[in-house]
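Handing you a structure now.
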Amino acid sequence: MQRIGVFVCHCGSNIAATVDVKKVVELVRYEPGVVFADDYMYMCSEAGQEKIIEAIKENKLTGLVICSCSPRMHEKTFRACAEKAGLNPYMVEIANIREQCSWIHKDREEATEKAVILARAAIAKVNLNTPLQEGESPVIKRALVIGGGIAGIQTALDIADAGYPVDIVEREPSIGGRMSQFDKTFPTLDCASCILTPKMVEVNQHPNITLYTYSEVEGVSGYVGNFEVQIKKKARSVDMAACTGCGECQAKCPLGKMGKIPSEFDRGLKNRPAIYMPFAQAVPAVPVIDRENCTYFKTGKCGVCAKICPSKAINYEQEDEIVTEKYGAIVVATGFDIINLDKYGEYAYNESPDVITSIELERLMNAAGPTGGHLERMSDHKQPKDIVFIQCVGSRCDDEKGKPYCSKVCCMYTAKHAMLIKDHWPDTNVTVFYIDVRTPGKNFDEFYRRAVEQYHVNYIKGQVGKVIPQPDGSLMVQGVDLLDNKQIMKKTDMVVLAAAIEPNKGVRKIATMLTASIDNNDFLTEAHAKLRPVESPTAGIFLSGMAQGPKDIPETVSQAGAAAVKVVGLLAKDKLKTNPCTAKCDPMFCNGCSTCANVCPYGAITYEDQLVRGPGVNETRRVAIVNIALCQGCGACTTACPSGAMDLQGFSNRQITTEVDAICQ
Amino acid sequence: MKYSYYPGCTLKNKAQDLDRYARLSAAALGFELEEIPEWQCCGGVYPLGTDEIATKLSSVRALNHAKEQGQDLITLCTACHHVLKRVNDDMKNNEDISTRANNYMQLDEPYKGETSVKHFLEVLRDEIGFDELKSKVVKPLEGKKIGAYYGCLVLRPGKILEFDDPENPKIMEDFIRALGGEPVIYPYRNECCGAYTSLKDGGISQERTKLIFDSSSGFGADMLITACPLCMYNLNKSEADSKVPVYYFTELLAEALGVKEGE
Amino acid sequence: MSVNENGEFRPLIVAFCCNWCSYAGADLAGSSRLSYPADVKIIRVPCSGRVNPMFILRAFERGADGVIICGCHPGDCHYSTGNYYARRRMTLLFSMLDYIGVENGRTRVEWCSAAEGAKFSKTMNEFCEKIASLGKNVRLGDLRCKD
Amino acid sequence: MTKQEIEKNVELIKEISGCDPYKCMRCGKCSGSCPSFNEMDIKPHQFASYIINGNVEELVSSKSLWKCLSCFACIERCPRNVEPGKLIDAARQLVERERGGDHLQAEDIPELLNEDVPQQLLVSAYRRYRR
C-alpha cells in the first residue's frame, strides 16, 4: 500500500480565488492511500518544495499528488523535488487544477468539486505507480542548421565557436538568405552586405562548419541526441573543388544576353544566365547550372560554359547525391518570404511595373542591384518624383486573403526606405499610408520620428482602397485620411507595398520530418512562449529566426545566439536521460504476432525466442522485446496488442482505467 | 447541350438585344437556352439582410426548376446573375435561410442549392472554351479596341460569385480576344457606375461614368462592352466628353459569329 | 452523471487528451481563460493512439454520458501516426457503440493543436451542449454499481 | 430613442447584417474604396464605431443610407470581414421597416421615368427604398 501525500497549491490567488483549497485538502485526506494532505501559497517556490521534502521524510511518503498548475509547467520541478527527498521521481502525479479548473470555471463550488475529482483521479493513479528508472542514451556531438540566412549563419558560428562541428544545409546556391538582398538596415542604416558578408566568409572558412549549399533535407529519423538525417546535394553541374569562381562561364552563357530567366535574387527585376551565382559575394563562390533552363540540358546543344571554363570545372554528368549524417541537435532557421500578391488586384501589382514590393525596392536601392542603386521606375526607367508606401498589405487580416498577425518589421523598414530616398533624392515626395505605426524596439520610435520631423515624410493614417494606373503612366492612389476624414486621390509615380511576411514555404515539409509542431500560420511553435522560446516542443529541435515568427535582424541574431547556447548545452552532455515511460511486454501473454512492431513508428520492437514459464506454460516461443533507447512512449503498441501483453509504463492500462473510475464515481 | 435560361425582366423589354443576340449566338455555338416557364423577377437587388426570406423566393423557384430539369441555370443580366448566385449560395450554405425558404416553398424535395448557376460568359469560358469560340468566329472584330466594362454585380463578392478575380478580371478580355478584337485593360473596368441610385440621384452616376469613360478612352478603347442593362443605361446617359459607344457583349458575339442579321 | 439541487441534468464527460497537442491546447484554453463546463474531466495520455477502446467502454460502464478523444491534427502527431490509428479505431468503436444504443453524439474524436485553445474550448462547449441535449446515458451502465 | 431602443436597434443591426462590428480595426480601406465617399455624411469606416458606441439614431438619420451604391467594394476589400456595406444596408432596413419609412413613394415614380429606364432600375429601387 502506498503512503501518499497530497499538496494543494493556491498559486497565489490563481487557484485559491476559484477553488476552495482548504476544502480540497479536507476531502482528499481520507482517500485510499493518502496519509498526508496540506495546502500552501506557492507549492513550486523554494519554501513550498521544502514543505514537500519535509512531509516526505516525516510521513515516509511513497507517492505524491500535487494539485497545481499544468504538468507541462512544473511536473519536472516536483519530480526533482521528490528525488531530492529520496523518492523516485515517477511516483509524482499532478492534478491540473489551474489551467483545467480554476482558470476556466467561475462558480466556486463547481470548481472545488472538479478539483477534488481531479485530485482523486491522480491519487488513484499514484496508488498504482511504480518507481521507474531513466535510461541513458549517448549524444552525437554534431549539430545541423537548416537554413543559411542570418539566423542560420549566426547559430552555426556560435555553435562552431564553442567547439562543436556544425553542418549548414541551404536550399539556394549561396548562403546569405534574405539579408543579403537588403540595402541598408534599420535603425542604424549600416549597409547589410557590409555586416553580413564577413560572417558569410567566416562560415565558409570555419574549421568546424561544413556547408551544404544547393541542398535539401530529405529525411530525418532518430531522436534527441541521435538524429540521422539524409541530405540531398542537388547536382550543381560544377565541380566545387576545381572551380575558382572566376565568373567567365556566367559572362559567356548565351542565355544571359537573351534575358529570359528572371533572377530570383533580384526578385525578377533583372535576368540571369542559366549558369549563375545568385550575387557577386555568393558563398561558396561557385556557380550552379539551372538545368530547367539550360540549353544544353534541354536540347543537348550549346556547352559554351564547358568549353570556356579555364579550370575545366563544368560537369554536365554530375548527379544528385544523398549524404547521411548523424546529429545530436537540429536547428530550424528556414526564414521567410513575403506573401503572393495575386489576390490583391486592387493594388495593381500585377498590372503596373511601377507598383513594387519592399524587397524589390531593396534591390532597386542596392548599389549591387539591377539599377546599380539608382532608384527608377521599371516602366520607363525614370526617377520617380513622388512615391507612395502602403502598409499592412495582407498583414492583420481576418479574411481568406491575408495573415492575421502583424508582420512586425514593415513600419521600420518603410521609415528606413523613406529616409534613404529623401537622403539621396531630397526633392522626392514620400507619402506613407499606415493603419498604426508600430515601433517597439530600442531607438525605433526615434528613428520613425526622424522620418517625419527631419525628412518630412508625409504619414497619412488610413488605408488605400485602390491603385489606379493612369493613361499617362502615372499612378492614382485612392485612399483615405482618417484623421481628416477625407478621401484622397493622390497622383504618384511609384507605389511600394509592404507585403505581409510568411514562413518559408518549405517549412511545413521540414517540420513534418522533424515532428516539430507549427502553428496555424506555419510558424514553428516554441516549447513555451515565454520560458522556452528557442526550443521546439520536440526534444532536440531548436528554432532560430523568422521561422518562429516575424522579427527584425537584431532580434533574429539574439535568437540565433540563444538557440546556439541551447544546442551547445545539449551537445556538452555525454549522455541524455531517456524517458522511462516506455512500453513493456509481458512475455506471459505475448504470442509474437507482430502487430505491435507494425504500428511502432520508431522500429523499437523486435522479437526473440524466449523461454516462457508460468502457470501451465513452459515453452520457448517468439515474444516481443522493446528497445527502450528507441521507444518514445507513444503507446500505439499497447492499444494494438490483441492479447494485452504490451503495456506502457507510467500510463499503464490499469492506471488509466483507475483514473476513469475515479472520475466516473 | 441544353440549359435552363433565366432572362429576367429587362431582357424582355429594354434590353431585348442582350437576349436576342445571346440566343442567336448560342444556336450558332450549338447549345440551347430553354427559357424557364413562368419565371418571376429576381428583384434586381440581392437582399443583404440575413432575415430576408420572402424576397429570395422567386430566385429559389427558378433554381429549383433548373434542378428538376437537371440543367444548369444560365443568366445574361449581371443583376440576375448576382442575385441567383447569392441566393443559391444561401440555400447551399446558410442553414437558417435554407430551412426557412424551404418551409415557404413546400417543395416535394427541399432545395439545397443543387443547381449550378452560370453567367453566359462562364459558359463560353468553361463549357465551350474560348479557343473553340475563336474557331467559330467568321467575322473577326479586327482592329477594334474594345474595353470590357464589368461593373460590380458580376464580380463581387468574389468569394461567392466565383466568376473571376474581382479586382483583376480577365474573362471579358479573353472573350474579346477570342472574337478577334483587341482588349483594352483599364483600371475602372470593375468600378461601380452608380446605377442603383440613378433613378433618384443622377449626380453620382454622371461622376462615375465620366471616370469610367475617361479611363477607358485614355487607355485607347474605341468602344465598351457590358453584360449589364443597368450599366448600359447609365453609360448611355453619360455626358462625358470621352464617351464611346457601348454594346452588349452578345451583340459583338453575334456579329463575329456572323449571325447578327439572322433571326 | 449527476443532478444538481435545481434538478438540472449535469452530464459527466471524460476527455482523453494527448500530451503534445490537445492537452496543451486545453492548457492554452485555460491560460486564455476560455471557459467550458466543469462537466469535462480530462485524462492525460501520451497520444490519442494510446486510448484503448477498453477505457471508453469502462467510462460508459461507470456512468459517463459522453467521451471525447482529442489528438493532434492529422499529419502533426508527435509520434507521426498515432492519431491515424486512433481515428480508424474509433470509427469502428463508435459505430459499434451506436449499434448497442450509445448514440454517435456521445462519442467524438477531435483534432486540436497546442495553439488552438479557442478551438478546444469551443469543442468542449459544443460537446457538452450535445450531451445535455441527449440526456443521461442509459446504456452499458454496470448495474452492479447502482443502488 | 430610449436606451433600451438603442440597445435593441444595435442588436437588430448586428443580426440583420450578420456582421461583427468589433472586428473592425479602423484601417479605412472601405472609405479608401468607396465611390460614394464624398456624398456620405457618416463615412464607411465610421459605421462600425457608430454601432459599437450606440449612436444608432445618428446612423439611421444619416444620408449615407441612401448614398451607398451597393457596389460591394468595401465588402470585397475589408481585411477584417466586417463588411461595412452590410452594416449600412441593415441600418437602411431598420428605417424602411418602420411605418412610413419608405424612401420612395409610388406617386413619385412617373416623374422619375424616362423612356430608357430599364425595368430592373425600377424593380431594384423599389426593393432598395421601400419595405
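Think of it as A, B, C and D in the order they're written, each chain with its own count starting at 1.
Quick note on the criterion: contacts are C-beta pairs under 8 Å (C-beta built on N, C-alpha and C of every residue); 3 or more make two chains touch, one makes a residue touch a chain.
Predicted, not measured: the structure shown is a model, and the values here were computed from it.
Distance from per-chain Cα centroids to the pooled protein Cα centroid is smallest for A.
Across the two interfaces under comparison, A-D and A-C, the one joined by more C-beta contacts turns out to be A-C.
Centre to centre, using the average C-alpha position, chain A and chain D are separated by 46 Å.
Inter-chain centre distance (chain A to chain C, centres taken as mean C-alpha positions): 31 Å.
Averaged Cα coordinates give chain B a centre that lies 25 Å from the centre of chain D. We define each chain's centre as the mean of its Cα atoms; on that basis chain A and chain B are separated by 48 Å. Among all residues of chain A, those that touch two or more other chains are 346, 466.
Of all residues in chain D, those that touch two or more other chains are 73.
In this structure, the chains touch in the following pairs: A-B, A-C, A-D, B-D. The touching residues of chain B, when paired with chain A in their complex, are 159, 165-168, 185, 187-188, 215, 218-220. Within the complex, the chain D residues that touch chain A are 23, 25-34, 37-38, 43, 45, 73, 77-81.
Against chain C, the residues of chain A that register as touching in their complex are 70-73, 96, 98-101, 103-107, 110-111, 113-114, 117-118, 121, 512, 515, 517-520, 525, 537-538, 581, 599, 601, 632-636, 638-640, 648, 651, 653, 656-657, 659-661, 663-665. Per the touch definition, chain A reaches chain B in the complex via residues 342-346, 348, 350-351, 400, 466, 468-472. On chain B, the positions that touch chain D within their shared complex are 8-10, 12-15, 41, 43-45, 47-52, 55, 77, 79, 152, 156-158, 166-167, 191-192, 194-201, 204, 208, 229-230, 232-233, 236-237.
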